[in-house]
Amino acid sequence: MSRLRSLLAGHWVALLCVVLVAVLGPVVPGFSSSANLRNVFSSLLPLLAVAVGQTLVLITGGIDLSVTAVVALASVLGARVMTADGGLLAGSPLAVPAAVALMLVIGLLVGTANGLSVSRLRMPPFLATLAVMTFVSGFAIWLTRSANIAGLPEGFRLLGAGSLGPAPAALLVVGPLALGVHLLLTRTVLGRWLFAVGGNARTARVSGVPVERVVLFAYVACAVCAAVASILYTARLETGSPVLGQRILLDVIGAVVIGGTSLFGGRGSVLGTVYGALFITLLDNGLNLMGLSSFAVLMVKGAVILAAALVDATRERLERGR
Amino acid sequence: MTRLVTRWPALGLLVLVMAGFSLGSPRFLEVPNLVNIAVQSASLGILATGMTFVLLTAGIDLSVGSLMFVSAALAGKLVVGGGSLPAAFAVVVVAGLIGGALNGIAVTRLGIKPFVVTLSTLYIGRGFALWLTETRALNLPDSLLTVGSARLAGIPVPVVAVALVLVGAHLTLERTAFGRHLYAVGADPEAARRAGLPVRRLILSAYALCGLLAALGGAVAVAQLGAVSPTFGRDREFAAISAAVLGGVSLFGGRGSVLPGVLLGALLMQTVENGLVIVNADPYLYPMVLAAVIFVAVLLDSHVRGTHP
Amino acid sequence: MRKHAARGILAATAFAVVSCSAPAPEDPGAGTIGVAFETLQTEFWVAAIDAIRSELDARGMTMLEAIADGDANKQLEQVRGFIARGVDGIILVPRDGKSVIPMVRAANDAGVPIVLFNRPPDPSSARSVAVVADNLAIARATGEFLCEQARASGERKKAAILVGDLGDQNAIHRRDGFGEAMAGCEDAVEVVSRIPTEWNQEKALAGVTNALQAHPDLGLIFTSSDFMLPSIVSALRTAGKYHEAGEEGHVILGGFDGDVTAWRMLADGYLDATGVQDVFFESEASVQALEDLRRGAEVPPVILDEGFVIHSGNMEEVQGRMWGARVAQRATRGGRGGA
Amino acid sequence: MIPSDRPRGAPLLEARGIGKSFGGAPVLEGVSFSLEAGRVLGLVGENGAGKSTLMNVLGGVVAPDAGRMTLGREDYRPRTPAEASSRGIAFIHQELNLHSNLSIAENLFLARLPRRRFTPFLDRGWLASRTGEILAAVGLEVSPWTPVSELAAGERQLVEIARALAADARVVILDEPTTSLGSAEIARLFALLARLKGEGRGLIYISHSLGDVLSQADDVLVLRDGAVVASGLAESFDEPSLIRHMVGRTLATVFPPRSRRRPGDPVLEVRALTRPGAFRDVSFTVRRGEVLGLSGLMGAGRTEVVRAIFGLDRIESGEVRVRGEPLTPPSPREAVARGLALVTEDRRDDGLLLEASVADNLALAALGAHARRGLIDGPGLARALAAQAGQVRLETAGGFARAAATLSGGNQQKVVLGKWLLTRPSVVLLDEPTRGIDVGAKQQVYQLVSDLADAGTAVLLVCSEIEELLGLADRILVMRQGAVVAELPPEDFDQERILAAALGGVARPEEERE
């Protein structure tokens, strides 16, 4: 039942996306052009990577505010390794693989810190990850003394800009990632455990679910997803930046929640998150193309998220009433 | 003392932090600096008090910083246009109440989760205020600064304001039916409903109060600044939530206190920022030090009070 | 760092001479211009976008605006959006010189002329015109002027600097420029306090108050942006140290931007100097450069806004180029609030 | 206060022809009864018989479609719980309704906290003295400002009753008031009920414990499928007749026949298990095919021992062995891996994922067995679930996709049992497995326990209903104050002896129960 409901929620948002396209298409010049749809797609992918990770954490009933800091720290450290401007491995053929590996390891480490704080030290996720976010992003800025790092190797930049046939290279990263998490949630023991922990951690524990490890996994996976997004963002900008992703948190959580994942845990799906991220990206893109002033963009975005949540709440209430 | 510290980990940390800074600079423990800390904590203390009302109902208000900005912008426009300070103050109060009440209505009547509601109003409010101010800074007349830096019986006005708010909120929460009902609603809304409490109205009032205090906290800040810039209030919600939680307020509702809880939380955060300037720390260290203090405080708190659900 | 910038300008010049004539000529009159700003959080940027808007209006062009709110990725998306929308030109305030390169390249690929406003790109093969003020140099000049004031006072001053958001390149350049000036001024000034503000007035106020507590004899304050001047004034007033230049106990004040508050404080004698970027020149030059590019004319890759330091000594002659002064006078004439 | 000289026989609360349907399905049909002042009406019925809906109608939670009610002499048609309580109806719920973060005084007067005149502030003096009086009346000697979180379960139940007194309720409805109480506390509760009766209040007593109903009630009302199937003076019923009315058929024997089981090798060995403050030096062995009963009063440490064996709570010293091998590290995960299963006493918080589907709940503990390298074998799992549901006789309309929260208590318990049996456990720990479930479901649980033992499973059964232990266990241990004080072989099974051991030779206040 619960899964059916979240599935409905996901499809409902897909419908919303279609409506958005139908409304904006004729009004906004260039909106339905293939170039623009490619833009939407390439903006969607890194956001989706972060959002998919966040979905895992929200399903366990937690929240991870530190994803933005992971994006930033991974970006500068990865760039440090491979930049032609005095990077550790500048010019080496190993530079790109080593940098990518390091970026993923950053995700692993920060995720472990989050996960242990929540599972082992029993800190409330909101504050634990808020503190980690503040620390890690401060650390990233301190490391670079505010400077951005350019001179990234061509091979790395291709991850952001390259394409294979019609598909952007990033799709080859995010597609399998999303599919993997989807299969994880729907087909594996670990997936069921994630839902169980979010549904009722006490019951899960009594039932032999290794609750602490499951929670730890969710935070680690979430941070690694953020690191993947960091790779894409960094490649796309051809720059390692200590403030990369500083402002994406609200988009990420907005996307996941619009996609029908519960903030209280136990409910959510990757498909829903895909739709949610698509919706946010389309909205952003459409508002951008309209060239509205920045305050109008803020207001419209806020109002649309609220309206989406309202429709979702109403729909759910109707379903419950039945 | 030991008992006090185990009961209020923020107090122990505050003592530690103060001891550390006083070693770093002899000026830190001088009375004028302690007064500075009190003045600088005023706005945050008021915001965190408002946040406490909402957190007690197991809600959250992410729009606090945005509401600060909206009410300050409205009142600022009025003053710049020649309105009087009392009129501007009335605007602040009304704008805060209305903004908070709108959050409350969305939460209680529309059935949307507080996180999503206030996330949306965060965007909407900021957009609205930027539109109002044409994204320019509003420079307010000196008369406002005079109020902000005045002293009543030797006590700076912002400190008087925060003291009134803290004591008022404390009495409201501990000694009135409304306050006790908020605790009941936060811990178990279903049982509170069965007991005949007007649950929706209580939650709505909590958000309205939070909005009011956000606006007041903004006013206290503006009275000290003399200006409202487009970044006014940005990210203050996180500071307010942190201060409240450092003071022992639970994010899961029904637990926490304004005195000494929120007071300690706000003082701790502001003391760290103050001390770092006094000892002339590397600017890059600020966020890391503050994050570490918050982390330790929350860690201690969750161990003293048992685990979160 | 600065060497890089210089090299970049050279390289870009070379490229530009070869390539800036590429776009196909068309009717340069009407058209749609995408204007993407990294932020609007200080008044300087608002003044700039307003100036660009009126400049475009005057030429009958339509303006689309986009604010990235400090997020370079969002800005990349916005630029791509403009291109998809089919704009005739882009004016861009990049977050920094490095992350802007893919944006410029995207515009190049689409044949859309692009002008970088206020911040130069790092060296690359991407082609753009940059209308820039050298934040570092102007801040250094301001710092040097403040240094002279301190020397003239005859005592060694303790100084504080309000640093902007550490993630913002302008903030860093201004900090570094001031730092360079102070490095050559150790006889007269000792920097005792560096206050991070995250471009937040409240933090600035608390920071200055605290610095005054730590160093009651603070004699010089430099802010990385004029919009934080009210915070300094408030802190000084509360401490009883807000005095006009020449009065006993005057704290030497310097700023950057040249906004309305700075102009008033200069006029009243409280502010010693502020570094000014010529917003009107930059706006006009940017729009003109776009038109030239569209027409196929040659445009140098870097158009420099020299900027200047305004102080009581030169106020009469240069205030006409100080945007804060113009905004303030217009506001007074039009009777409009907001200043 | 209600004048106690109100003439007997005048109905205090009267309902005539109450009907209610949900989505076209009738839940209550033509229910009528009357409650007289100073009397106790016992209400029994299987889960789903309509008791809770009837109570919700009385409590103003749902409005009836048909019929009318009078309270005193006035029309009674409550629209909200608050209105019901202001008219003098008080509920004492199965799940406690107290706010544990508030003090006793605040709980008693929550919706009517008094103000000091001309101020917005609470009149704490009045609150304290009034609460003190009421607490004295219910025999609870603690400060009115004690947070409820610091009270034991039995004390909380007394606070619930104190709350009814504070509201000066004319009608007090008790819904399974004894489920969380030990025998001594039950005795105290019953004494209090007698007092309430004496004051002229009307009581409605709802319970699955038919013995309690028969001993406490003056009149009895039996509901089945939403209609009254029997009513009359309590004396005219006995347990078998009540059960007959409730289930609509005669249950030949309540407990499954004890087959000739031969306990085999020791499977679960507990050696000198100790945790100061909870239990000390507890040792016992459960063998293959044996049902070991664990008896004792509330707070004797039974639940604590069971949870510690399963690795849920800390052990200070001692050890647990499964098939001769020590169970280390003690964790639920390890316990499950070694073939242990635990049905906890708290179904909602420890047993179920309420929002998740029946299927997800059933599968939770046995996922590993139906997966290869972490990948779930969907069809295989579905087959196993269907088979398991059959074994525990789980019948749910709407199939396995329903949320567990929507099931009746009995079906929820079957889901929990099914979840564990799916792991093919060799040791099953059952903590109050029949609490709060209806007679039919109880019967099925008994059968399951018996079947398990027959199939060679070792069963440790914690149960407060001594009859159930007597009917199911092969051997009974009695705990008192954290220690095992008696072990009884079947030939010594005797209710009196067990109680005496549980109480530790103190004079039994238990007579009223019989």
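Order as written gives the chain letters A, B, C and D; numbering starts at 1 within each chain.
Note that a contact is a pair of C-beta atoms (placed from the backbone, for glycine too) under 8 Å apart; a residue touches a chain by one contact, two chains touch by 3 or more.
Fair warning: this is a prediction, and the values are worked out from it, not measured in the lab.
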item: Pair of chains joined by more contacts [C-beta pairs], A-C or A-D; value: A-C
item: Chain centre separation in whole Å, for subunit D relative to subunit C (CA means); value: 72
item: Centroid distance [mean C-alpha coordinates] between subunit D and subunit B, Å; value: 44
item: Whole-Å gap between the CA centroids of subunit A and subunit C; value: 34
item: Residue list for subunit A, restricted to those that touch at least two other chains; value: 141, 293-294, 297
item: Overlap residues in subunit C, where contacts from two or more other chains coincide; value: 40, 166
item: Where subunit B touches two or more other chains, by residue; value: 130, 135, 282, 284, 286
item: Pairs of chains found to touch, sorted by chain label; value: A-B, A-C, A-D, B-C, B-D
item: Residue ranges of subunit B in contact with subunit A within the complex; value: 106, 110-113, 115-117, 119-131, 135, 238, 241-242, 245, 251-252, 282, 284-288, 290-292, 294-295, 298-299, 302-303, 307-308
item: In the complex with subunit B, residue positions of subunit C that touch it; value: 40-43, 46, 163, 166, 192-196, 199-203, 205-207, 209-211, 213-214, 227, 230-231, 233-234, 237-238, 259-261, 337-339
item: Footprint of subunit C on subunit B - complex, ascending; value: 25, 27-28, 30, 32-33, 36, 39-40, 43, 77, 80-81, 130, 133-139, 145, 148-149, 221, 224-227, 229-232, 234, 270, 273-274, 277-280, 282-284, 286
item: Complex contacts: residues of subunit A adjacent to subunit D; value: 1-4, 187-190, 192-193, 195-196, 199-200, 202-210, 266-267
item: Of all residues in subunit C, those that touch subunit A in their complex; value: 1, 34, 40, 63-67, 69-74, 76-78, 80-86, 95-99, 101-102, 122, 166-169, 171-172
